[in-house]
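For reference, the structure discussed in these notes is given below.
For clarity, chains are labelled A, B and C in written order, and residue numbers in each chain start from 1.
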Amino acid sequence: MSIHPLPEAPPRLADLPEHSAQSPLSIHDMTVAYRHKPVLWDVDYDAPPQSLIAVVGPNGAGKSTLIKACLGLIPLASGRVEIFGQLPRRVRRDVGYVPQRESVDWDFPISALEVVAMGRYGMIGWGRRVSRAHKDAALQCLDRVGMADYAKRQISQLSGGQQQRVFLARALAQEARLYFMDEPFAGVDAATERAIVDVLRTLRDEGKTVICVHHDLQTVQEYFDHVLLLNMRVVAAGSIDTAFTHDNLQKTYGGRLTLLDQAAQALAQAGARP
Amino acid sequence: MIPAGVSHTSSHGSITDVSVHWPTLGEVWEVLSFQAGYNTNLVMLGTAFLGIGAGTIGAFALLRKRALVADALSHATLPGVAIAFLIGSWMGVSRSLPLLLLGAVVSGVIGALCVQLIVRYSRIREDAAIGAVLSVFFGVGVVLLSYIQNMNVGNQGGLASFIYGQAAAMSQTNAIIIGATSLFACLLTFAFFKEFRVLCFDSTYAAAQGWPVQRLDLLLLALIAIITVIGIQAVGLILVVAMVIIPPAAARFWTERLGVMTIVSATLGGLAGYLGAAASALLERLPTGAVIVLIAGGIFTFSMIAAPARGFVAHAARRARLRLLILEQHILRKMHEQLETVAGGADRHADASVSIADLASERNWSTLRLRVALRWLSARGLLNRHNHHVSLTESGAREAARTTRNHRLWEAYLVRNADIAPSHVDTSADLVEHVLGDQLVQELERELKAEGVLLPSPHPIVATHSAREGKS
Amino acid sequence: MNITLDLFLQVDLPALLAATLAAATCALLGNFLVLRRLSLMGDAIAHAVLPGIVVVFLIASTRSTLPVILGAAAAGLLTTILTELVRKIGRVESSASMGVVFSILFALGVVLLEQAAADHVDLDADCVLYGQLEDVSWFAPVAWTSFLELETWRDIPREVATLAIVFFVSAFLVTLFFKELTIAAFDSALATTLGFRASLLHYGLMALVALAAVASFEAVGSILVIAMIICPPATARMLTDRITMQVWLSLLFAVISAVLGYGLAAFGPGFFGGEHALSAAGMMTVVAGALMTLAIVASPSHGVIARRVHQSRLAASVVHEDLLALLYRFEETQQANPTVDLVHSHIRRGAPGISERALRAGFRSALKAGEITKNNNRLELSSAGRARAMEIVRTHRLWERFLVDEMGSRPDHVHRTATTLEHLTTQPMERELEMQAGAASRDPHDRPIPPKPAPNEPTPDKPTL
């Protein structure tokens, strides 16, 4: 028998029995650490195609970290991520991202339309201007989130909900196939919430997959098809009916595993690769 | 390579002569219109180009929050200059300008990278790292300079000009180098405008999109470095950071668009350079670099106070108007409510009146503010003032009814939806009702109607619409 | 250059005193700036005292100490207030607003200085930057015994006296408000809720910094002020986690920088046959910077080297433990005594990216501990090694159980994590682990979890599956 189960050359994740070939996002045995301290342990996950997925968990559960790791924004301590069967950096154009609203300076001298046009930068390429056609496409995306009237506004003159919609429009402008959204519903008004939900459903109907960090447990069932319950590790994942159960929620929110915390602390102190 | 210009800052005349010789208008025009001789023109053009380049790059340095990295970088150029001088004199070329500038760029960039290294590999924070690099590199430079001063090599006088700058001694070569570099920096900025914009606004998103954020940052740093280095000879390494920070910070007050801001920033920088050089040519004992910075500072102060969009006066005026509006609406509402209860119906408003004392007691309004508001209301034809009483005019009554109605709508809405509604407004709920636009009011009505809330509507509901029409 | 005693006492001693006092004052106050991430405020104030001094001079035509100090303190406060104003009203980011304010004020100072210079003032821009340490002289002392005479002290140089007063005032105030300053540095919101006027404290500190800057700069120049505000506290911060200790260390480094810097500048060139002294203020800055660099690289607790050493030791001990566990697993599968090459390749595969050095060090330490033996290029566990290997494998398999049962990980994905954790499991963690997973006798791959060795138990036999 083999002593170490690691194969010589890693195959594509899609070929592994535990991953599905159709999945737009496959996470294989991923551990992510911040300053050597693991934030996420051994995550295995396959996102089902054409679905709205809520990532749910308490504060500090590693929800944003999961998204950033999938996007390749923070290095993995170990494990692999494949998007459409490719390394994330090879398919960036196909992956849209809506960061948390607080992550930017809203006093920046830029209009709503210009922010949305950033979604097209990847298609435009180095050193070229933003053409009329791209601006029109950006305007259409603003219209899809009900913000066409605000295109010329400087972004600090928008309400929180409107700012969030601008971010959403920027992701739409990218015409991606897979979307990551970091708390798009945080602190928005009812109208924005409706607008975002409408956009999400349209995206799904177009065959796209959206992965959302979500805080409001009340609305998970209404807005999403699938759920990924996270608390430093995957507690449960699956369709709303099967995974979003009282039991699983209890496990997710019922405090952290002390042993895991201690292990994380030990790793941080050792400064070793986990 | 000996600078061709003659220093204007060195003291003319006798030491006891402290009276200022003010130039005539003719002299001013002569200088400003480039008729005051080759050297003066050269200096003015050189510093203007420097201002344009620094203003352009500065816009992005400021927005990327790299303003003081530029300061560390400029101070860190000194040891490079000194070492380049030593190497030059060892090779037999005394004071070769390209060599000195190369030394400056190299050690400036090393300094800026040291800041990043310290932050990355130690627990020292960025602010302390910047300060440490700035002072220690400068200290090394000072030690080297003190060594050079005691050497038996000629032509070292120019080295001190790197610290305080000596724009007046600008040579043709200097001016050409400044112009070419500045133009080059502007062209690069133009070419990568889109990339710099996404980098400065949202670097995380840029990284997620696959833009090489680190390399873009390095490019920006390199641009800051070359513009700083060509600037130090003119403005001096202590003040060159001002050319990078002040014009964009001033430009920001005038516009909400990045493109416009960059152009305004370049223009203001160029203007400061041009005017500063002119002023120091016209007046005695004005060191060019410091004057340029002071003029830039003047532009900044003026912008901060007077710019229409983000300036202090405009801001204060907006706040004062809002306060007046609030007071005015409070008065109208107060009168409406009083008439509702006292007169038993607001339709006989025209002949009913309210005493000013009553109004004053209502909310602890100061008499002065109240008087201003009442005068304003009567000037708008909403109010008739009598000795100690005020009464509403017909249009005043309509306005009062409308205001009261909006207030109650908003109140009802808040009672209904307190948990979600105010979450997206930064201002307090009390403030919001005063700035409700017509569109928002209609939305409120729709929403409340949908929820089946019937308002205790202020009397003439139909009249509110005509009031709005009458107003416009 | 020959150093005579009276020359030393008259020229070098007063300069040294001035430099040391200036450095100590700046470093003392700098601690709180560095902790509050306001280091650059020190930079800004050091630049901005220039117009304060020149304005006082232009108005009062005096260089006497008190008015100049008042003017400079006012300029320092003005910098702080203007920076706040530009940040709040102008909505300019805080470091940029600092840059805007101090560069304008400094430019103003330079222009005014140029105007004042016409009235034969011996103020000049250079002395602002590097000071005039050479001009600080004390003619009274001619021998050590001179210090016993009152006359000598009456003749103490103005700069030294001023600096001494400022130092003692700062030291007194810092001691008095040490608790408050510490809390404000840690969490200024907390300080406010506890009833301290955080803003008052802030402006007070800034006024003191301005005072220190102006008192120092005539002697040592503003560049040294900035260096001493930042470098010694930052150096101390690399060495300790306690604030009291940090303050003392920073004072020590400030004094070392001043003395060593002065010594190198004044006497250093003599050793190399040079005739002229170098800039003392510059050299002190260089020494302060060198000390800081040294601390960043070589601090025993937070230095780069210490971290590297720690990492490579850890890597070696991981290899050591991996080796024992591996040999144990070979014994389990009845493939006793594998060759060194086979073991090497297994360890490399288990920990990709491991360095050759760590690998060799791990092997050496296992051999040296007598936990493995090497015969004919084949490796075998000694009985002591087997006992330790059992513990490691036991921890590993307990972790695997825990990861599968409690965390819901896939059984075929837990090996790597368990391999990492087995090296880091402390006694309390082990107990917790036993509570959570200790009941199981087999790991998720159905291999036996070795029993917990009882103390003084005879050497365990070779395992069987």
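The rule is short, and it goes like this: a contact is a pair of C-beta atoms (placed from the backbone, for glycine too) under 8 Å apart; a residue touches a chain by one contact, two chains touch by 3 or more.
On a predicted model such as this, the values are computed, not experimentally measured, just so you know.
Trainee: What's the fewest number of moves from chain A to chain C, given that each move must go to a chain touching the current one?
Mentor: 1
Trainee: With respect to inter-chain C-beta contacts, which pair, B-C or A-B, contains the greater number?
Mentor: Between the chain pairs B-C and A-B, B-C carries more contacts.
Trainee: How big is the gap, in whole Å, between where the Cα atoms of chain A centre and where those of chain B centre?
Mentor: 36
Trainee: Could you list which residues of chain A touch at least two other chains?
Mentor: Counting only residues that touch two or more other chains, chain A contributes none.
Trainee: Can you tell me which residues of chain B touch two or more of the remaining chains?
Mentor: In chain B, the residues touching two or more other chains are 252.
Trainee: So which bits of chain C are touching at least two other chains?
Mentor: Residues 91.
Trainee: Within their complex, state which residues of chain B touch chain C.
Mentor: 9, 11, 15, 17-18, 62, 65, 67-68, 71, 118, 121-125, 127-128, 130-132, 134-143, 145-147, 149-150, 160, 163-164, 238-239, 241-242, 245-246, 249, 252-253, 285-287, 289-291, 293-294, 296-297, 300, 304, 310, 312, 315
Trainee: Chain B touches which residues of chain C in the complex?
Mentor: Interface residues on the chain C side: 34, 37-40, 42-43, 47, 86, 89-93, 95-100, 103-104, 106-108, 110-111, 114-115, 117-120, 125-126, 129-130, 223-224, 226-227, 229-231, 233-234, 237-238, 265, 274-279, 281-286, 288-289, 292, 296, 302, 304.
Trainee: For the complex, give me every residue of chain B touching chain A.
Mentor: 63, 191-192, 194-195, 197-198, 200-202, 204-205, 207-211, 252, 255-258, 260-261, 417, 420-421, 423-425
Trainee: Help me check something: in the complex, which residues belonging to chain C touch chain A?
Mentor: Touching chain A: residues 91, 307, 310-311, 314-315, 318, 326, 329-330, 333, 346, 349-350, 402-403, 406-410, 412-417, 420-421, 423-426, 428-429, 432-433, 436 of chain C.
Trainee: Residue numbers of chain A touching chain C in their complex, please.
Mentor: 1, 3-6, 8, 18, 29, 31, 41-42, 44, 78, 107, 233-236, 257-260, 262-263, 266-267, 270-274
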